[in-house]
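Presented sequentially are two complexes of chain A, the first with chain B as partner and the second with chain C.
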Partner chain A sequence: MKVRVHLFALYRERLGCGQVEVELPAVASVEALLQSLVETYPSLARLVPNTMVAVNQEYAGRSDALHEGDEVALIPPVSGGRL
Partner chain B sequence: MILITHERLELEALTAQARGPSNGAVVTFLGTTRDRTEGRRVLYLEYEAYGPMVDNKLQEILGEIRERWGITDAVVAHRIGRLEVGEVSLVVAVAAPHRKEAFAACTYIVDRIKETVPIWKKEVFEDGHVWVGSEEAGVTTSDSGPDAGSG
Partner chain C sequence: MSNARGPALSREVKVVVQTLTLRPEQVKRYSRHIIMPQVGSKGQRKLMEAKVLIVGAGGLGSPSAVYLALAGVGTIGIVDFDRVDLSNLQRQILHHNDDVGQPKVVSAQEAIHQYNPDVQVRTHETRLTSENAIEIVSQYDLVVNGADNFPARYLVNDVCYLLGKPLVDGSILLFDGQATVFLPGKGCYRCLFPTPPPPGAVPSCAEAGVLGALTGLVGSIQATEALKLILGIGQSLASRLLLVDALNMEFRTVRLRRNPKCPLCGDTPTVKELIDYEAFCGLKPVEA
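What follows is the complex of A and B.
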């Protein structure tokens, strides 16, 4: 299946684009998607442990299942308590 | 009311959205852009948002203050894009019959925004930039590197 992954902030800059399409097995989890992304883009390896993932605009767990056509987003840490 | 905009945030107009005859208190919070981070001079800042999810998350937060304090008159406005030092990036205005719950709900909203709302801040220095919270500690992305201009 194909899922579209939206990239923001640091990730958008690292990959040089705002979204990528990832081909995954018919049954795949968020974790499998992240592994696939790291294989394709090794520069993400150090960032992924601190990344939240949103599926269809809701925060998702690493073991959550993905479905064809899902809108996935990598959410790097938000600006964080420094106001 | 929720507003995500590239335009300058107008405090008076935004606060007016929360005011009303049944409210005796309006608490406002302004987030403003700093000129220094850890001793380094900030030239300007850029904010980026995951638009549709920001809307969802802010609606959830407004739902939470409705449940906890019965407050329905609240405004959250976040500016995105390029901001100069000293500008207003965030306005939160909360109106309530009495001040205690207005202060509490305003603090609550700002704290929750920092936890769950996907908006990112880039600080640009003379010799590079940092996505706040995202970079490995101490690492600055050089603007002259291969990534330059990709945004």
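What follows is the complex of A and C.
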């Protein structure tokens, strides 16, 4: 199945685009999508564990199932200043 | 703290309107508010009796403070330990050229009084810490978060939940902004981001940059939400996260929910008091 992934903040910076389409097995969870993204884009490895995921504009857990045509948003934390 | 386990659920800020009457010049000053049925004279008096704490007199705290002051919010607290730096002036509208080197709370107080001398400004020239946060935050009805680092973000989240204070949260980086409202018991920052990113994984504004005008956009959204909560009008950003992509000028909202497993506001909480947030965020070794 295909899902569309919307990228925010650092994700957009790292991948250089606002969205990507990802092909997944017919049965796949949010976690499987994240793993697939890290395999394709290793620079995301450090970001993914602390990222909030929304599916179809709604907060989603890592084990939630994805469905064909789902719109997924990857939302990294943003601190607003210096550390 | 009324009840560490279950803070009072507040759908709006409870501001008691005393028999305060508006002076003629206040009727004129706030006439564009008072004419709206959603505000009116009673709403304006609510604003004038409200006490709002702004954490950080920086990029987000500046526009929030200015609009809350202009709106006539009676008491504005500012907590910030920093001094004005030339690099702040690209976005922090509370501070001016002559303020470089001044404590930010002093500069902020002067600016607010220039905008509206009616506002009582309480300055807290200190870093907000686990030791002083309860004492400071408990003086206010509502908190606007303009914190610029993750330890402070988690600290502000936790203290607001534990004290039952509504929190208007905002954050920015590069061309991206996020804003939401956390009402105690309806989800919190830890529900969205249970664990902080490891140090260095998310660059800061100093490292990556931020568009100055974006801070005005997000800070103004925070001020709007704070005013709505005080007035008890409209639909707040509670249970929604607003995502601002200024580069493409797209606004999206994502529906949020309280995480029953949240260590702070979940069904079996493990965080029942303030902790060491620097250690939590991996910025110093956890004490044994």
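Note that in this section the second predicted complex is superposed on the first by the 77 of 83 C-alpha atoms of A that agree within 3 Å, B and C clash if a C-alpha of one lies under 4 Å from a C-alpha of the other, contacts with A are read in each partner's own complex, and residues count from 1 in each chain.
To be clear about the criterion, a residue touches a chain if its C-beta (ideal position, glycine included) is under 8 Å from a C-beta of that chain, and two chains touch if they have at least 3 such contacts.
The structure displayed is predicted, hence computed values, not measured ones.
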Contacts of A:57 with chain B and chain C, given as first, second, both or neither: both
Contacts of A:14 with chain B and chain C, given as first, second, both or neither: first
Partner chain(s) touched by A:49 [first = chain B, second = chain C, both, neither]: second
Touched partner set for A:77, first chain B, second chain C, both or neither: both
Touching partner for A:41 - first (chain B), second (chain C), both, neither: neither
Overlap of the chain B and chain C footprints on chain A, listed as residue numbers: 6, 8-10, 12-13, 46-47, 50, 54, 57-59, 73, 75-83
Of all residues in chain C, those that touch chain A in their complex: 56, 58-60, 146-150, 153, 170-174, 176-178, 191-193, 195-208, 241, 243, 245, 248, 252-257, 283
Of chain B, residues touching chain A in the complex: 31, 48, 50, 52-53, 56, 90, 110-111, 114-122, 131-136, 141, 147, 150-151
Residues of chain A that touch chain B when the two form their complex: 6, 8-10, 12-14, 16-17, 46-47, 50, 54, 57-59, 73, 75-83
Residue numbers on chain A that touch chain C, as the complex places them: 6, 8-10, 12-13, 18, 46-47, 49-50, 52, 54, 57-59, 73, 75-83
